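Across the two complexes that follow, subunit A remains constant while its partner is subunit B and subsequently subunit C.
Showing the complex of A and B:
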């Protein structure tokens, strides 16, 4: 197993290299010029050109790319064109809020979606099943920002239970940290919950028709034991896969959620960087997201071996 | 249901919910000594000479002081300067600094700091560049006195040092001001009334300013950038909120105290909330602009440009930008900011009265236009440019023009508009923007009205008549001469259609009623603003 994990980690290097080349090339050919944004509306073309020179944006593609790769190999993601702060520091500032949001969303999803999916499968065809799946379709169809606004209206403005916006770090206390994340996590989690609930139901339906489930029932095992110990464990592989794939959904959804709830996370940093053509920041974030995604896939593969002992690498 | 409806619904419901509010929300509880402010944009960098965005300038006015400050009557007043003398021939200016001025690091402000700061500023600022071109020497005489010797008089010297247009003549310590003007500074030490808390800065999310207790305000009453800058709170937090509905909800919920520029759609909701005050923020407003490329057909022919002006309805543009609130806009048959001393309507008849589409079509045909595509750059991520773009597309189609509507983002417009290649080869025929009214009160900061061909702003208009009157204004010795020059300038610029003004519009600002001392002006002024619990 250890050698497999090491092999997979080594295999991420060419993937990251391809991503790096792709992102750098894409940004190089994309329209827009950070020097123009920096110089402002009143600037002369000469001013813009001098800023481009000072930022090194007028150098040939290969020189720029080579320099960037060389810095990355030395653990330096570069410096933001606009803030003059190291990209790694900017990502570090934003990692906490995004990570918090994703963790809370992930836990919420697993806590809500898996039981819902199991119950729906258990009561397949019944009213309960239809209600749960109806909610799933609803959750799947609603855009994140609509859910976000609705939640903010009800729980922040009407009931005044929770704040409308912002983020408080965990170091300031558990509740202050959590209260800022509850509404965004629900908004972001809606689609994810719907997806996982549907997959859980489908996987469970298949497992519940297996002979060993009938045997378990014949042996007189309790319904809970059958569903959550025997059936769920055997249905876990597709569920784990979807939860993993869903992390990509979360990353995309976080961009909108962080804007709606004014959370200073990586999603907002991404949008700001793209709109201003802050190339080093965009490149740093894309690399980070790619790495996270590769890492999540690796974790999923490892989890497979835990939920299904037949899988060995 | 579209997104705008959802926004209004949320904010509206919030307004109703809070109409009878008395208990504070769970999220409230910030100290009355902290003012929480939602700025117009993200403070992405903090070098007011290197980056000239308004948001940077606005924050910089707290941290860096200026030698002179513009007041609400648009006159320069002494700020860091105690006195000045100018020789009879107008070529040698001697300035003396106020005693007791200190930087945030405890060092006194010395003349050498001023010299280094003005040197850096004059390398980037249009007026600074004009002074630099005339400069013989700029030297520190002693710690509190410095001298600026010119080859010929520059009557607008004090205005240049006082103006609020970006970049302002901010004074920094010499070691910082010696930074290349095309590179960013890395230390944010000024002598203004607030210190910048660099450690708490999260670009894109938050910027914090703390009261500078050693600041010695002037004794005069504060007026815009002039007078005594008395800070009445300990801390000002800028909280960036990209989503207007979130900002509206946060203001209603008491999570923020002051929102610089609420969008027009949400203002009715805010007005209904008894805890919130709403008023026009900047009386100098903004001027909408439809900018044509004078280098290529069809707009290289003045008849085509005039045809557009004849057909253009400013009301259509203004309603598209600010909605149906007629208090927020007015027609503008000229280029200069209404209700300011130099406002002029001379030559503005072409923009007045009923729009004559038939005459415009005839003039367009005379210009030789024969259906070639007109590349219209429209930034969709800026509500003002998007609204103008939609109106223009309709206008040009009514004129029988073949519109190549390029829907893109502001970053792309920003770089593409600098292209002087033909429209079919990466260039363009027209784009939209808007100018802050504060930049359009006279020709000094008003780059967009200049018409010196290759050196002019994007579109590169060439109008010798306009340029002649710009020079006349700079040489004018009194207000009457200035007004006369501006009248002639307005006419020349409209005759040649330097650009098409699409109207004058205002915007609101909103704050909680426990905040007092907010004044109208071209930027948010934090001195004199206090907050009760």
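Showing the complex of A and C:
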């Protein structure tokens, strides 16, 4: 098992290398002279030259890339052009809110979507099934910001149950932390819940037709035992896959959600960095998200082997 | 007389389909006494399995009992709900199924699957349940039961999986066990071992058993009473001896006639439609081969090793003359399918050569063989007519495709004529040609598969268990068809099968394979009547025959 995980980590190295190359090339894919692009429209030729020197843009591409990778491997993501702060420090500051939002959304999704999908499959064709799937289509069609503003209006402004905006770190207490995350997590999770519920239903429907489910019934097992012990685990592989893919969805959605709910997370940082053409920061964030995504895929592969003994490692 | 355990009274079961309600069981009345083994025999669609599922209350959601009663110890099973029902299922009444590997949860250790059943019905600790599960594995004679407790179904053979199913079914000492085709798909030798085990356990525990099967021979061997079902009704019920010597009902007579026995010949498996055509070709003696004619097919020291280094086939040599029929028999894993696929050039041999009509084809890579002019001459009929036809191709497309690919025929009148001629030769009505596979019966699909294979007028036809998925009456028709085609067109047949009765009838010579090597070969009748090796003798003895003499059941 351990050697399998190690082998998989080694296998991700080429992927990370390609991602790094792409992220670094971002600056050069944009048309024109990178130094001019960074400096902006109002910069004087002296400013441009100063930026060119400080970023080492006058050296050959491969030398720059080599130096950049070397520094990243030592934990140095460079310095922001705008704030002059180290990029790693800026990301570190913003990581907490975004991670909190993503984890709460993920847990909420699993807790809501999987049981919904199981029930829909169990009662396939019934009214309950149609209601659940109707909600899934609804959740799928609404953009995150619409849901976000609606939730904020109803639950924060009108009912005053939850705060409108903002973020409180976990260190100030569990409830204050969670209180601020509930609405954003629901808004962000809507699409995700719809997606996972649909896949769970489809996977369960397939499994419930298998012969071994009939065997479980023949043994006299109760409905709960059949659904959750025998069926759900067999349906787990596609469900886990979609939950994993959905994390990419969350990363994109987090940018919008953080703007709506004024959460000082990576999403906001990304938007600010893009508007300011702060390339080192953009590169750092994209690299981090790619790394998280590769890591999630690795975790999915490990979960497969835990769920299904037929998948060998 | 012992007490009556189960009484099915005028049972009706219907399924709701797109075309409305369809009655699958139409008034079945049946009794089972405690401890007895009853055979429920019929062809697919006769309603025998549906009767079993209605009794154990495992019908699909679409199926409903629309009339009649099922009294189990005086209690009407059809009216039970919730907990009352679950106390019955798996405890007083249990069931084993056709495909044992699919019937077990693939991702749950078998020890746990047995313990599940015990824990549902008994208030004992998990450790005690595990200990009981281990005892059950011993009772079903699984080797090394301690190690097998944590094994998963994919790590066990089909026969082993069925033993585990039996262990689950008997875990709570049921009074009634319903076995739905428990050995279909298993080898003859494994079938015998599993059925013997089941009969012993049932006898030792005083369990009543309903054996649902399409195999009259199997039912005759193990049951004292057999009920024959046709189209949702029981048409005859008698002891095996009476049933086979003096069958009363027309359907039973046809079924008995179509079941191959140790002595039957192909022409005995009479069906009206084929008889006349068949008689015409039987009359003609086959032209004797001139001495010194080179063989059509010569296989020299063929071997196949798979990646892990295990040998599937070693040192296999044979020759076949044009128009000859050769049987390839053996248990599963004996390498017979691998050999047939190498000869068909679907997979590459590791060693050895295949010479067809004087040309060496063993070294042509299998992925390039479709370009060889000999591709037309070697064609294959596959095991399952349901799985081997493209569901999006009509019967016409299916037969036309090889003609377009291999005979370079384009669409048009000539192609249509050839396809219709092929359909005619296999006895497929022309109005079925525009249909898709799901609109055809099993026998019709088998005919499409054969028509496709003979479309390019091959000289060698390799058949991999072509009748294994078919009912006996359909099997009889297909066998006659194959034999007629061979005689009419001088097609050589290489027939891969584990059904020795069929091979004996159809093949001039038989080759017995075991663990990838040839054990014995010779003229079919002589080989089966006087097997020279223990292995062949075991294979022959394992076939359940319909015999009018004393049966095992009568001897008990």
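Just so it is clear, the second predicted complex is superposed on the first by the 277 of 313 C-alpha atoms of A that agree within 3 Å, B and C clash if a C-alpha of one lies under 4 Å from a C-alpha of the other, contacts with A are read in each partner's own complex, and residues count from 1 in each chain.
Note that contacts are C-beta pairs under 8 Å (C-beta built on N, C-alpha and C of every residue); 3 or more make two chains touch, one makes a residue touch a chain.
Everything numeric in this text was worked out from a predicted model, so none of it was measured.
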Contacts of A:51 with subunit B and subunit C, given as first, second, both or neither: first
First (subunit B), second (subunit C), both or neither touched by A:33: first
First, second, both or neither for A:109, with subunit B first and subunit C second: neither
Partner chain(s) touched by A:290 [first = subunit B, second = subunit C, both, neither]: neither
Which of subunit B and subunit C A:212 touches, first, second, both or neither: second
In the superposition, subunit B vs subunit C on subunit A residues touched: B
Partner chain in contact with A:277 - subunit B first, subunit C second, else both or neither: first
Which of subunit B and subunit C A:98 touches, first, second, both or neither: neither
Contacts on subunit A seen with subunit B and repeated with subunit C across the two complexes: none
Complex interface listing, subunit A residues touching subunit C: 210-212, 214-222, 225, 229-230, 233-234, 307-310
Subunit B residues touching subunit A - in the complex, by the definition given at the top: 3, 6-7, 9-10, 13-14, 17-18, 23, 25-27, 42, 44-45, 47, 50-53, 124, 126, 165-166, 180, 182-184, 186, 202-206, 239-243, 245-247, 249-250, 252-253, 255, 381, 408-412, 414-416, 418, 433, 435, 439, 445, 447-448, 455, 457
Residues of subunit A defined as touching subunit B within the complex: 31-33, 36-45, 47-48, 50-51, 53-54, 80, 82-85, 90, 93-94, 145-146, 149-150, 152-153, 156-158, 160-166, 179, 259-262, 264, 268-269, 271-272, 275-277
Subunit A-touching residues of subunit C, taken from the complex the two chains share: 56, 58, 86-91, 94-95, 97, 99, 102-108, 116-117, 120-121, 152, 154, 165, 168-169
